[in-house]
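Let me begin by presenting the structure, written as structure tokens, before commenting on it.
As written, the chains take the letters A, B, C and D, and residue 1 is the first residue of each chain.
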């Protein structure tokens, strides 16, 4: 894979080789940093039997943007690994729930910090680690724990990805990325965990050398394909949503 | 976490205000989605608190005024917030390093139930398949103090302050204080101790609406 | 501890409260990012029975700068934890070696990546993790290993610090730090691992808000005291050294 | 790792050149202190290699010209280097995440000994108390390819290519290729296979100076 110029002309081209059965991680927390355009392209590409890793399956908010649940609705997903697999209020309905309750898709529920750390561990060559999170809960039932310095910890395993979809504000042709504000969220750890990282980028792609080496958030060696997001309506951008105040 | 209109004692903002009064100068505080967010409205004088959001925002300020929103800047609830001078942004693994590493002085969360042994439950609705954990289990296990805000009873009058959680717990033995519309309560193991009563609420009313002993 | 203004007037004041028996970590890799001024202040302050964590004990190069070995020579050190505890060429002599061979100081030799990760783990609330590094070597003898997905890994524990000494290019009064080029090295992970982080800073301290939140390398919540390095000769700055080409 | 002046076969730069010829376009390569550094002098045509240094510098270039040094920018050997367009800097834990995570296509290191079973030793001098591991154990255990550059024999003529390491090993079974002044050798388990002989060096000379079988 060339390190020289990773710019790809279209989202369709960027996701074309994703095979059935792949494990794909998605950056994003609420709207910021969510790779809407790549999700849409994956829906159009049609790969099936996928395992998807993301904070949430999405779809709780209006306007609805491309989300993991749409890929589930599309019949492409075998399993999701998320920090939210159901709503926490009876009055909320997640689009994912219908498919999950019908047994049409599997789900693994993981605390958000454990999810981020499992991805970071995969990227860092750490196959397993201990965490205090979820000890004493339903999630720890039947699983291996260990007492270290008098406290009980749960053993968690790295979660490597075949592909990561990320969204960044800025990129250079070498793949160095910068994120804007809370757009960063899961994106850098998804990129670390993946064999192939595909980035959709808000701004025009810069030539290599235009980004100061101290300003890079995700080094280009973690990024393999870059697509500039075109202006709306061709490209999908975060939109204002109704303010909710629960 | 339903509305409190017409219910006895403190309203939603007053419950949040009471918790916010516990914040000390220099604390790093994580506010969960919903009711806890209201803590950032409370006037706590010249005490300075740094708000941390699980998505990696350290030092956020009030909700952005309409028309000034940065759509790429949200708090844990997805609301568009502002940043205070000195703010910094990190990625998710670093954000939870901050949480798991014990840097959060207090976390404030909603809950369905709090037990007098310090357990609480807030991620899974009875009978649901799956749940919504988000950052709650990390925060609950690792923050120095866990503050809970919840209605004292369910809509049909069942106690939410109980001897033992019926729902799957988020963490065990971690709750520092729970604020309800009836007052502020401290789990002591076998009971809740009253730290404050809301105006017009009596100890007897609290005891009648609580699923375990209540100490004055 | 106030988060408002962490600026301290002198290095002496910044290290005054360090007690005997403390565990202190030092940033720095070769000259960049080494907190020379804080090391010197610690030598003058005189705390004893210390455990020191750093990449190396130093002193192999000329001109010699304040280093860990000087604190050993000064009789302040019980133990060092480093990736280098002896030279790798018989012709090199480390100042530390004499004291180590005489049994006047203990040493724990840790692979550099494991050292960085143990510090990062301490900062991240991860009490222990598995790594492939050092498996099958003398360092793994008698220690716990585990086979995960067919490969053998060594269990390593977090290494928390009481204090970290770091050197940065830029800081604001809130303690947010930026490093210049390879000045970064161990500094961010040392700061993460420590209860109290003391930073010496090249540039004039900025007011809070003068650093863009996306440009912060180490968030101020990890930093407790900041001292501006005065111009030489009052302050100690990296110096050119003879180029070695081994 | 002593000088090769007057010794038979390749000189120091030629040994490094032979290893550098293995580098493929787009590789991420980590060069150890000393001899391996010379690989960055080699002309490998239009192949582009990204040099990674354990202190977190990704994409460094040649040593800085005298007078232009940035004293806060060094490679693993502490030499003041330059940066290429597209360079990035990360901290130490992230730098070793890159190494441990398997992103390094090749690491080049010096050694005291290399065994035909792929073990090698480079961190502890015989009889020494302590040693200098640096990043060697992480790189050796985790890089996709481990290339070693060393003199074929010690100053007093003892083989450095051996059946089994006498010194404590850095990692087991990991060496891809070893370049010496005599040529380029591949450990095969029970022997070293000759991949290249330096001009003027015969297979017989290699066999006489090697501590285990050598295959043509």
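Observations, loosely collected:
FYI, a residue touches a chain if its C-beta (ideal position, glycine included) is under 8 Å from a C-beta of that chain, and two chains touch if they have at least 3 such contacts.
Quantities reported herein were computed from a predicted structural model and do not represent experimental measurements.
Considering every other chain in turn, the ones in contact with both chain A and chain B prove to be C. Of the two interfaces, B-C and C-D, the higher number of touching C-beta pairs belongs to C-D. Centre-to-centre separation between chain A and chain C, using Cα means, comes to 34 Å.
With each centre defined as the average position of its C-alpha atoms, the distance from chain B to chain D rounds to 55 Å.
Averaged Cα coordinates give chain B a centre that lies 37 Å from the centre of chain C.
If you average the Cα atoms of chain C and of chain D, the two centres end up 27 Å apart. Contact with two or more other chains is made by residues 117, 120, 124-126, 131-132, 179-181, 184, 213-214, 217 of chain C. Annotation for chain B: residues touching 2 or more other chains are 57, 83, 89-90, 93, 96, 99-100, 142.
Chain pairs that touch, as defined above: A-B, A-C, A-D, B-C, C-D. Residue ranges of chain A in contact with chain D, taken from their complex: 1-4, 120, 122-126, 172-174, 176, 192, 207-209, 213-214, 216, 219-222.
Residues 29-33, 55-56, 61, 83-90, 97, 100-101, 107, 109-114, 116-117, 119-120, 131-139, 169, 179-189, 217, 237-241, 243-246 of chain C are the ones that touch chain D when the two sit in their complex. The residues of chain D lying in touch with chain C in their complex are 1, 33-34, 37, 53-57, 63, 69-74, 77-79, 83, 89-93, 95-96, 99-100, 122-125, 128-138, 141-142, 168-172. Put simply, chain A touches chain C in their complex at residues 117, 121, 124-132, 146, 148-149, 151, 153, 157, 178-181, 184, 213-215, 217. Within the complex, the chain D residues that touch chain A are 25-26, 28, 48, 50, 52, 57-59, 83-90, 93, 96-103, 142.
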